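Each chain carries a letter (A, B, C, D and E) given by its place in the written order, and its residues are counted from 1.
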Amino acid sequence: MNGKLAQWLAQGLAKALLPALVGALALGTWEAAIRLFDVPPYIVPAPSRIATALVRDWPILGPALAFTLEIAALSLLAAVLGGGALALLFARSPLIARSLFPYAIILQVTPIVAVAPLIIIWVDNTVAALLICAWIVAFFPILSNTTLGLNSADRNLAELFRLYGATRGQTLIHLRLPSALPYFLAGLRISGGLALIGAVVAEFVAGAGGHESGLAYRILEAGYRLDIPRMFAALALISLAGIAIYALLAGLSHLLLRHWHESALPREE
Amino acid sequence: MNGKLAQWLAQGLAKALLPALVGALALGTWEAAIRLFDVPPYIVPAPSRIATALVRDWPILGPALAFTLEIAALSLLAAVLGGGALALLFARSPLIARSLFPYAIILQVTPIVAVAPLIIIWVDNTVAALLICAWIVAFFPILSNTTLGLNSADRNLAELFRLYGATRGQTLIHLRLPSALPYFLAGLRISGGLALIGAVVAEFVAGAGGHESGLAYRILEAGYRLDIPRMFAALALISLAGIAIYALLAGLSHLLLRHWHESALPREE
Amino acid sequence: MRPGEFLSLVGPSGCGKSTALRLIAGLIPPSDGQVRWDGGERPRPGDIGFVFQEPTLMPWARVLANVTLPLRLARLARAEAEARARDALALVGLEGFERAFPRELSGGMRMRVSIARALVMRPRLLLMDEPFAALDEITRLKLNDDLLALWAERGLAIVFVTHSVYESVYLSNRIAIMAARPGRIVAELPVVAPYPRAAGFRHGATYGAACAEVSAALGRAMAA
Amino acid sequence: MRPGEFLSLVGPSGCGKSTALRLIAGLIPPSDGQVRWDGGERPRPGDIGFVFQEPTLMPWARVLANVTLPLRLARLARAEAEARARDALALVGLEGFERAFPRELSGGMRMRVSIARALVMRPRLLLMDEPFAALDEITRLKLNDDLLALWAERGLAIVFVTHSVYESVYLSNRIAIMAARPGRIVAELPVVAPYPRAAGFRHGATYGAACAEVSAALGRAMAA
Amino acid sequence: DDKVVIGTDWRAEAEHGGIYQAFAKGIYKQHHLDVEIRQGGPNLNQAQLLAAGRYDFAVSSNSFEPLNFVKNGVPIVAVAAAFQKDPQVLIAHAGSGLDRLEKMKGKPILISAASRENFWQFLKVRYGFTDDQIRPYTFNLAPFLADKSAIMQGYLTSEPYAIELASGEKPLTILLADQGYRSYGAMIAATQATIEKKPDVVQRMVDATILGWISYLNEDPSAANALIKRDNPEMTDAIIAHAIAGMKQYGIVQSGDATTLGVGAMSDARWQEFFAFTAEAGIYPKDLPYRKGYTLRFVNHKLGLAQ
């Protein structure tokens, strides 16, 4: 078991090494280009300056990151619940699906930058307004993919369930939900990132009231102050958070699918 | 043949009837509520006023819609090409996938509202800047879903291809692409809406220079002028465009999958 | 078809045997005519067991969960469901594979899981679509006998699709021969021999004659 | 295994027959030991034809496209590929189904498409995993004879997995009997009878004796 | 005390100094007002929030806004104008020689979407600027700094100093108010309903705010500045000091009518002049009852002139 763990860790490291190398290369080129062409930091800062800003401004950026992540996590949760529940409703009856799907699309294509001011007027609580905005951004991939997945259950298995007199609920739990799982998880991986940018964009346009503020406010603030290294540091934090969220969700996918789904089986190359 | 066509049309009508009814009901309630509570149009306009604005301002809104749709269509095309090509690259070698995927995620979670000003600095052409912004928003679902689809090819079929000495290219064309098609199309349906809001949001934050301007500018303009009915008319146009894009892409999906994929087969209820 | 009967369906590939089973099970509506039930009442869920031509297992569930499925759908207590599933798995020779996933099994083993799933429910009517085609001779013979024992013990009715004339004769008391395009029953042959049919039955004259007769009828059906 | 040989593999379900075929085809690496090729050279693509235990068709492609697949992979001209595919489909009795999709076919028909796909390539080594299990007796016998004719005509080597002792004896000049856990060959029996084996062969004494012998060996293998 | 909420038009800055000073110095309290200041931001629509009843007063940035209210039937009225001059400027690099509006004709200019709806119209009508000169401005200075020939819009009290801080260069700035742009700035707006039902509250609010402005520009502003910095951490003492100096130097608050009628002054003549240009530009119909957009009832009382 211990040897296996060590092997697994070694493999994981090897897997992480390559992207890290590519990253190092990219950052190196960037740094060199900045120095070579003497680009002023307020146009594009060098990675070293961004790193310095990240460390120096951590007392400001850290809490901002925490706030943004909180909004992102909550809205992803809401997207999972909302998108999932809607998908279930749609799967339950094509009639409902046909009647309501156009309205789900309306929500998806509603540009939050345009409706944020309206949402602020209708919802008094800023955090709630942020959540609504981020949710609007994040829920559609989950809805769309899960609906597809629920309708992709194997026909023969579905017949088997009918034969054994499975209730709708049972068919859902034992057949359609497992069939939808890979699709749902693919949607989740997309929505994870969207929830994060949803949280950021929502704060950009709706603004965080009072003292609580997230990375968007710090980016705006740094932008107005022309503290571009800090702005890039905040952007870097968003990127890192995005990668972390994706890795987490991909790990979850693997865990749930590894025994049976093609996409999670080991590939030979 | 003619009878079949008529039947098909009748079915299509019946299918469209229900959502239309729901829509009519929602709009009716809205109109009634506005009239009942005497809500002034600059807070929330009644549907009738929005419709009036839509007709009255069509000379302004029509060209704006055309511009926005053009940006959305171009960026969706770029997302299909870019996301598709990247997915192919990733499918070709897990090594490349592992090295570059984190950077694709970075692109996805980059809030365009934050980087739009930078893009404007780097790209002199405003339309090109808009395209880049909308592309950033739209490409990830295609990349993510297509990558998943390419890796979901049936293992036994893959063995068959290996056995018959299929080259990578042949395996791709005859096996992996068809397997990925349902996933790609699901991604496309998500990206279609995202390209549209990408185009709108990009114009919001990056702004359209000069004479060419899209719906975002019209929304902002209407907002500043407090011409809220026109603002809602522009939002309604975006919604309708989103539904049209989705319907188009869903139709395409059905056309491509109807013979063989579970999700496109007729369902009995 | 009478209750307690063992009917075999044989016929050329693609003649509609699987479709006939689906019709009986009510999974597809007849395009013409109707399926009649004695006493007018349709069978309740759980009354019909079905072994599809393909294993049709849930890829995400382990063998045990696949076999207990009908019982869980009927809201049986978990412990009892698992006990019965283990019995059924033992019957088809798959003890020890309870925790395997379908994709870790060989083709024949998957089919046996599917058979175990149909048996676990104690149905009154069992529809089996080439259940033993992927099994070796010896397992097949053993399962033939097990099936007959079960049939005798529980008094159920069985419709059995097979391509093996020998199997059909050994098992059933009536054989329907189908022909293709359009799919229809072209001949019905009773097999008059008492149960239990001992191993010796296979070497008896009745058996040989019946087999020859069925083969001939099949030949005619294919030529039709 | 010699070139031009017809080897049958029989053995209990789950003993590793399919796995053995995959090993030979080079689809999975041996965990221990190795697969040796005469003259040291590995076969080129197209040299091996494989009929999997499951039909393994492309659901998005019509029957004709499924059958022409190996030819298109070998970059044959379309017209010739289709002509050959039509011949192969005719051989398995599926003329007229060229434009059907796999899901519109019955189980046996799908398997026949899979067989046609393996034959269309004119391989030097043909690996067949229970190809005829889902077919009716008469089609099966016809395909048995067709296969033998092909084998004689093209001088190819065939490894044939079957559960039918009769089929294995009728077809092959060597029969390997496998046992399970661990999967291994426990007996090898030559079938000494000249080809072409006429229909009468099935009723001859050699045939009966060989069948009995294989059945016995199989029984021992299962007990092992 | 009467509880009132006032929404500003941007995040807290020296341009809201009078309001913060009135709050910090207890001037509102003396007028029996319990005031809550809500700062604005790039996407908050003050007028809508005011119309929706979420605010009692709002800061209105330029003279277009009251005209928009009239045109769209929104019952909001400007009751005082803290800025006699709208601090809107155009900025060019020091060495570019672009020191007059005439020279900027035909050149690309960074203009925000909002500004296209106000002073840009003035530049089009009076100076012959055209829409194809517009490059998007997103309140980020980098595009300007990156391009030595760039021109951008700005607020007298903010962008020029930010550019100076970033690049060490003191840019050329042209105050549009000195070039014939007759918009008021930092107006206080109230709903028609408030004016009719609680005119005394409006009057007290106007008076206290006017006194706040006088105090902010002529006495110690540090109490207000502390509040501004609390609400908007990006503000520093240097930025604020620079802004106050600018407001004084250019007479943003205390010039023109304000010197004779008191801070906050408005006049029919000036509204008429402003409306004439907008109607000429085709922005508003010539028969727009523009007088509904403002009232002189609460100002021009020479409040504080004795000092």
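In this text, a residue touches a chain if its C-beta (ideal position, glycine included) is under 8 Å from a C-beta of that chain, and two chains touch if they have at least 3 such contacts.
Everything numeric in this text was worked out from a predicted model, so none of it was measured.
Participant: Tell me, which chains sit next to both subunit D and subunit E?
Facilitator: B
Participant: Per the definition at the top, count C-beta pairs in contact and tell me whether B-E or B-D has more.
Facilitator: More C-beta contacts join the chains of B-E.
Participant: If you average the Cα atoms of subunit B and of subunit C to get two centres, how far apart are those centres in Å?
Facilitator: So the centre of subunit B lies 50 Å away from the centre of subunit C.
Participant: Report the inter-centroid distance (CA atoms only) between subunit C and subunit E in whole Å.
Facilitator: The answer is 86 Å.
Participant: Go ahead and note the Å separation of the Cα centroids belonging to subunit A and subunit E.
Facilitator: 40
Participant: Would you pick out the residues of subunit D that each touch at least 2 other chains?
Facilitator: Where subunit D meets two or more other chains at a single residue, that happens at 54.
Participant: What positions in subunit A touch 2 or more of the other chains?
Facilitator: In subunit A, 43, 113, 117, 121, 154, 204-205, 223, 261 touch at least two other chains.
Participant: Please set out, as single numbers or ranges, the residues of subunit E touching at least two other chains.
Facilitator: In subunit E, 45, 48, 52, 140, 142, 146 touch at least two other chains.
Participant: If two chains touch, include that pair; go through all of them.
Facilitator: Pairwise, the chains that meet the contact rule are A-B, A-C, A-E, B-D, B-E, C-D.
Participant: Per the contact definition, I'd like the list of subunit A residues that touch subunit B in the complex.
Facilitator: 15, 18-19, 21-23, 26, 43-44, 93-95, 98-103, 105-106, 108-115, 117, 121, 140-141, 144-145, 148, 151-155, 182-183, 186, 189-190, 193-194, 196-197, 200-201, 204-205, 216, 219, 223, 231, 234-235, 238-239, 241-243, 245-246, 261-263, 265, 267, 269
Participant: Where on subunit A is subunit E touching in the complex?
Facilitator: Contact set of subunit A toward subunit E: 40, 42-43, 113, 116-117, 120-121, 124, 204-207, 220-221, 223-226, 228.
Participant: Write out the stretch or stretches of subunit E touching subunit B in their complex.
Facilitator: Touching subunit B from subunit E are residues 45, 47-48, 51-52, 68-69, 71-74, 112-114, 116-118, 131-138, 140, 142-143, 146.
Participant: Provide the residue numbers of subunit D that touch subunit C in the complex, in ascending order.
Facilitator: My answer: residues 10-14, 16-19, 53-54, 93, 105-109, 112, 129-130, 133-140, 163-165, 215, 218-219, 222.
Participant: Any idea which subunit E residues touch subunit A in the complex?
Facilitator: Against subunit A, subunit E makes touches at 41-45, 48-49, 52, 54, 139-142, 145-146, 162, 165-167, 233-234.
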